[in-house]
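In this document, chain identifiers A, B, C and D correspond to the written order of the chains, with residue numbering beginning at 1 in each.
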Amino acid sequence: MIWALICLIFLVGLWGVTRKANMVKKVMGLSIANSGIILLFVHYGSLSGTTAPIEGSGRAMADPLPQALMLTAIVVGVCVMALALVLVYRLYLRFGTLDMHRVELGAWKLHD
Amino acid sequence: MKKTTILDLISRKLAPFMLLFGLYLLTYGHMSPGGGFQGGVVIASGVILLFVAQGVEATASLFPFRSLSLLEAGAFLLLVAAGLAGLAAGAGFLGNPIAGVDVRMVPRASMILVYNVLIGLKVGAGISFMCMYLFREDR
Amino acid sequence: MRGGRVTAVLEVVVLVLVALFLLQALQGDHPESSEVRGHLVENGSRETGALNLVTAIYLGYRAFDTLGETIVLLVAVTGVIYFAVPAGKGDDEEDHDTRSDLP
Amino acid sequence: MTDSLLVWVLLAPLMGAVASLFGKLIRPLDRPLSWLGVASLAVPIAALVLLLEPVISGKSVRYALGGWPEPYGIALVLDGLSWISCALTTVIAAAVALFSLGRRRYGAGYFFFLLMMVAGMYGVALTGDLFTMFVSFEVVAVAVYVLIAWEGTATGLAASYKYLVLSTTGILFFLFGVFLVYRDLGVLSISLISEGLEASGGVLSSPAMHLALASLCVGIGVRTAFIPFHTWLPEAHAYAPHPISAVLSGAMIKVSLFAMIRIILQFGGDYLLELLMWIGAVTALAAVISALSQSDVKRLLAYHSISQLGYMLAVFGAGSALALTASFSHALNHALFKSLLFLTVGAAVSLTGQRNLYRIPPLGRRLPAFSAAFFAGALSISGIPPFNGFASKGLITAGMKGSPAYPLLWVTSFLTIASFIKLGRIFLPGEDRDGVTAGGGNPGALQTAVVVALGVLCLGTGVFGQTMARGLYRILHGTAPASIPRLFSGGKLLGVLPAAALGAAAYMAVSTDIGSRLSRRVRALAPELRTVLLFFFVGLLAFAAVAY
């Protein structure tokens, strides 16, 4: 059941990326999809136990490997979002709009 | 940014504790939950709180732009050098050179501590410098 | 927008299919324990000295991932600073790239 | 000792990049540190030459990072496949970096991103671990996003954003694939995947495994740009700075293709080969048709990159050992002549400030060395002997003997000739009209040297095509090749004539008014980001469905 919920979060993100015309909302969609994937890993890690994987805590520890991997995935996601938003900022300065459709029309017309 | 006294007072009182907590996360990253990236981001948020409340000039005197960008690049260089130290000590790149040393005198985790602190400094300097640079642009 | 209707319907159909793709992959029994995890949990802290096993992994066993990650962060921060040019300076003349170099 | 060389292949560009970062921060040191950064590429060249010996004898060099053994730590692996992708990256990166040094305008910051991209590409080629491949792909991607939009032009920024959204969506599915592999096989290192799969009865036994293979291939496929995922490439390559388009077309899409090939071979995904062959053939044909109709010189070259990549994919789909060698030799040759073409045409664009094919005045007399090098590249891509395109296309014909998709590739070859007759007009020796000096400065001596060197390399790898093919076969399969067809046999040499004639005829057809009207309609097919993402999902479902 939880797997379906995590898939839902991932799909909400993908929906935001594909359907929304606003460039900032696309970036938000990417961020939601990214956290969907992170949740997938961390949830799987918690199946074997839910206490923080610190040595010496007697209770069943969560799997440290997905958590370590997700540390990397989160930072990478943040960096890509930062770059995306700066590109959106520069495109907004240039075209005065955040609508991806009009930006592409503008860029395409500018080219020809 | 109109400087209200509440913001001014709180930020000046709160920021040191945030920096301290960030440093705690760095140095105790290998014993308790924490680590390089989390500590670095907490330090960056402390610095950003300061310059949002106090304005960029006041904070720039405390954390000058030049030194932050040099710190970021320098910390990364030191991180690669630490990795090479592992290589030189025969433990393979990014390995633990202290593994062979007598454990009692130098705890084996000190290499992890070095990595944590270096990454923390780099992340803290990088993110605060980026935000200050962006913030300065808008004025 | 030309064909807006068509692309909209297509997108909905495709996303539903992707949902099936995801659920199909996720259901089904999957072995709980993995040999790698067992090893890391048992002697993670002994070999690397870090009590926090997550730190033991991302700074000990898989330190190369962390190095790659710091590179990504360094590149992203430098990239953001490069692009955060104040308005009005460096807007493009389409073909002649006379952009002055940035700090 | 030799295995720690592997670390230096990856570390040298990284240190070079940090040096150029300091060059960016400390103004007066800008030029010297840029030179130091580019000089750091000499280390991988030396290391790869030293590492060639073990690879030739079939042994794969493994280096456990941090001393941790394979399943727990990360290992750098150098086998035939990764040696070729590292060699390809080094050659193209060195050529492009030297070319960029020639332009005063590219400061140390530019070389920081370029060298970080090269370090990331080495990471992708050398890593033996799935998650490290994800991190290395992201290092390459982040550097490429910045470099595509380097000149701050609106089209560059839009192209970069479009590529960012598409490739990040792709990489999320790659992560989904990594999750499935970790969940079902419990291991992340690539070499242990095949063992884990054998234990559980092959990739088709459990549905999760072939969906994992599908998401991994799709995640990487976005970066290689064959049919369903190619839509980002024309803008990204056309509007990036010229050296960046060269390194994107020359090295990046091929390193990603090699990574995808490695994963498919490790998973034993033979059921995908049929699909890949057809995708490759259709990509080759469709891309060359849209290339023929382009008026922007760099978009024309970008579509050709997609088409040539279709060749490599189609011949890989044929599946035999010879086919694999043909695919890799075409990748190497394509890297040489495509980066040469991008650099020469780029110089013409920045010299005249014009991008439209018909508005660029003939530059034959103005840039003699560049024109000669351009024609070397154009003849190579058209597969005219004795250039290297002919050699690798001969191998491809041999590799795809009797496969149904070959006629598509044959039609593509003479359409390629047609489009390069069309593009060739900008470098013909013509009268030197005054509008020529409107653009940037004259290309410097260093740039001319790089371009001529690439031209000579194209000729050299063509003339010695036979030995090259045998060498590649040994590198890839570790054993001496059983039978490499004679590339320069009479039959093949004569085979070029009909293709050239048909190419000329096709060029005539395109320049008639019906042809140009058709071209204009094809040109207008620039898919928007929405349709681009739709293509992506359709590609994902195709990769998944083919297993049922």
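The definition used in the following text is that a residue touches a chain if its C-beta (ideal position, glycine included) is under 8 Å from a C-beta of that chain, and two chains touch if they have at least 3 such contacts.
Being a predicted model, the structure only gives us computed values, none of them experimental.
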- Query: Tell me, which chains sit next to both subunit A and subunit B?
  - Reply: C, D
- Query: Between subunit A and subunit D, what is the gap in Å from one C-alpha centre to the other?
  - Reply: 28
- subunit B and subunit D: spacing of chain centres that average the CA atoms, whole Å: 38
- Query: subunit C to subunit D: how many Å between their CA centres?
  - Reply: 23
- So, in whole Å, the Cα centroid of subunit B is separated from that of subunit C by 22
- Message: For subunit D, give me the residues that contact two or more of the other chains.
- Response: 14, 21, 65-66, 68, 131, 135, 138, 142, 145-146, 149, 152, 154-155, 176, 182-183, 355, 530, 534, 537
- Note on the structure: Residues of subunit C that touch at least two other chains are 11, 15, 18, 22, 26, 33, 36-37, 40, 51-52, 54, 56, 58, 60, 62-66, 68-69, 71-77, 79-80, 83-85, 91-92, 94
- Item | Multi-partner residues of subunit A (at least 2 other chains) | 10, 14, 18, 54, 65, 69, 71-72, 75-76, 79-80, 82-83, 87, 90, 94, 101, 110-111
- Among line, ring, star, complete and other, which best matches the way these chains touch? complete
- Under the touch definition given earlier, write down the residues of subunit B that touch subunit A in their complex. 31-33, 35, 37, 130
- Note on the structure: Listed in rising order, subunit A residues that touch subunit B in their complex are 52, 54, 71, 75, 82
- Message: Could you list, by residue number, the parts of subunit B that touch subunit D in their complex?
- Response: 66, 69-70, 73, 76-77, 80, 84, 86-87, 91-96
- Of all residues in subunit C, which touch subunit B in the complex? 48-52, 54-56, 58-60, 63-64, 66-67, 69-71, 73-74, 77, 80-81, 84-86
- Complex contacts: residues of subunit A adjacent to subunit D: 10, 14, 17-18, 23, 26, 30, 33-34, 37, 40-41, 44, 65-66, 69, 72-73, 76, 79-80, 83-84, 87-88, 90-91, 94-95, 100-101, 103-104, 106-108, 110-111
